[in-house]
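See the structures that follow.
Two complexes follow with chain A in common, the first pairing it with chain B and the second with chain C.
Presenting the complex of A and B:
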């Protein structure tokens, strides 16, 4: 399972970024390979409009099966994500990435 | 003569000034008042006039033709506004984000994105003797005010020569819609209030007008409230203070009833007289 986190940093101890469209980074955790990688999304902050769909498009190409985030994607982004097989969990905006992953594993996160 | 009535901060009295000065000027001059705050136009609440014309306004957006599409991805690459997104084997168009630039449509090698019109808003034109009043209203769900503002200004300029006094009631702030309204104006009136918030946003508005190389003056509304910093700032920077409208419960009372205030409150009318003289003098080129 490939899990995507919206994060403010590049590793497990980073804070989650509660925003979806303008998240600073994506952390992608590949459970099978036990490997974590980060994707810089800071260019989304340059977008006056449409950061949500653009970020959703990026996530689409990354091919994650699970997204863990804070506030949840907005309408436009959600309609793009809807086209992929993606389970979205929200409410992890105040946690670290590690804590968010544990909360997800313990079924403590809300499904979007 | 085109005059934009703008502000940095919202709720400082743009509509109060616009509707009153338009009606007052129309007692002797030919005036067109245009409510360009298309996201929430409200000048009509104060203007009594008869319906003259109503028309739908459209913008062009691409519509995806799945049968012609080869999923080459060019459309998504060339879109600067993220309104065309390729998600797997689907092309999604977010019409609210589209700026009608035609890039995706023109550059599509298989013509799979023809442009089609969608309604973005409605323009309504009213008349009352010397006063023409025009407002445009954005459709619910539409995000972009600029194309509707541009089309409304085109409508006004096609219909009225420059010997009319054209007053543009602007949206608040200093972003694209305000630029669109003020860039066409000969002169900008900035309405502010004498508070730290009013001053902060006035400075932003002034910076914007200087960048656009616009001539401008300030009206201080609700004078007597807050502090003297706005006035001090204007004096120090040699910015003309066109009028000072007193902070008065009586004015608020007539405003809340949708009435024109200059007809009821003499101290308000005195200030409108100053604005009128300023506008007429500007027209005659006396002011530099």
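Presenting the complex of A and C:
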């Protein structure tokens, strides 16, 4: 599975970013290949409008199947993500990316 | 560090009156953020000093270079917002009408049009009368709001709270249910809904609670001016019970709020205020319920 995390940094020890649309980075973890990459999302925060849908499109282009985040996407982003086959888990806003992954694996996160 | 956001749905229910009181009660333990950037008013009660000012840029503005422009008029023809007019025989972009879409710049045959970053306001980090800091902002006239400035204000507040090791961030949220509210709510640990017993307030309370519920944030409610319509107050209480929203307090309609405001004070700063007493108890209840 390809798992996307909304994050404030570029590696496993970074804090999760509770926001979706204006998240600083995405961390993408490919479970099969055990590979992690980070995507800079700061230009979404440059946008006056449409940050949510723009970020959702980015997630689609990255091919993620699971999204782990803080509170979840707002209304506009959610409408776009709805069209994707994406499982969204929330409640990880105050964790590190590593802890968020563990929580997800242990079924401790809530489904959006 | 816990983020508490105070929202209402319908405006005018008393968000700022409540937030300012909690700010006074939290004192040095909190960083305050005024995320109602469209109609900021926390500064009236918190006496900020505007120590740090930063320009805020959002969106773009088209600008026609009069020297390169051949006055062909293609830009004026295609502009969807009627933002280009002829003044003194020259084509000019009207800044308040331009939406920064960039279409005119694209079609100009001589590249006379540039899109520049638009300064739409400022945000501030101030020292306030409670001995702590407040992050607040002011949008310019006709400036467009979105989640962006709210996100910036919140991020600054969070940075400060972590750096100064504060226990709380108190956020005066945006009214309504649009992107600014979503932006206010993202990352919150606790939401206080301030409402009043009118049908429009109840309607918008329900709408905004849909957002809060989706974001899975714990919520509590204060019914302000509850005695002006006890029937609707009852309806609100039923709604709170049904949704499992903690009902913290009912505040009587009290002109002491206005008298305090005129003096630039939060109601808890007024001695012997009944409403002030209830808000003090409310703050204790919130602190108990926040983890």
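Assume the second predicted complex is superposed on the first by the 112 of 112 C-alpha atoms of A that agree within 3 Å, B and C clash if a C-alpha of one lies under 4 Å from a C-alpha of the other, contacts with A are read in each partner's own complex, and residues count from 1 in each chain.
Assume contacts are C-beta pairs under 8 Å (C-beta built on N, C-alpha and C of every residue); 3 or more make two chains touch, one makes a residue touch a chain.
Note that the structure is a prediction, hence the values are computed from the model and not measured.
Enquirer: Let me test your reading of the model: by the given contact rule, A:76 touches which partner, first (chain B), second (chain C), both or neither?
Expert: both
Enquirer: Return first, second, both or neither, reflecting whether A:84 touches chain B, chain C, both chains, or no partner chain.
Expert: A:84 contacts chain B only, not chain C.
Enquirer: When the two structures are overlaid on chain A, which partner does A:112 contact: first (chain B), second (chain C), both, or neither?
Expert: second
Enquirer: Which partner does A:49 reach: the first (chain B), the second (chain C), both, or neither?
Expert: In the superposed model, A:49 contacts both chain B and chain C.
Enquirer: For A:19 in the superposed arrangement: first (chain B), second (chain C), both or neither?
Expert: Touch status of A:19: second partner only.
Enquirer: Going by the contact rule set out at the top, does A:7 touch chain B (first), chain C (second), both, or neither?
Expert: A:7: touches no partner chain.
Enquirer: With the two complexes superposed on chain A, say which partner A:93 touches: chain B (first), chain C (second), both, or neither.
Expert: A:93 contacts chain C only, not chain B.
Enquirer: Give the label of whichever partner, chain B or chain C, reaches more residues of chain A.
Expert: C
Enquirer: Looking at the overlay, does A:67 come into contact with chain B only (first), chain C only (second), both, or neither?
Expert: It touches nothing on chain B or chain C.
Enquirer: Which parts of chain A are touched by chain B and by chain C alike?
Expert: 47, 49, 51, 76
Enquirer: Which residues of chain A touch chain C in their complex?
Expert: Interface residues on the chain A side: 18-22, 45, 47-49, 51-52, 70-72, 74-76, 78, 90-91, 93, 110, 112.
Enquirer: Show which residues of chain A lie in contact with chain B when the two form their complex.
Expert: Residue list for chain A touching chain B: 47, 49-51, 53-54, 56-57, 60, 76, 79-80, 83-84.
Enquirer: Which stretch or stretches of chain C touch chain A in the complex?
Expert: 58-59, 100, 144, 146-148, 151, 179, 182-183, 185-188, 211, 214-217
Enquirer: Sort out for me which residues of chain B touch chain A in the complex.
Expert: 76, 81-83, 85-88, 90, 92, 94, 97, 143
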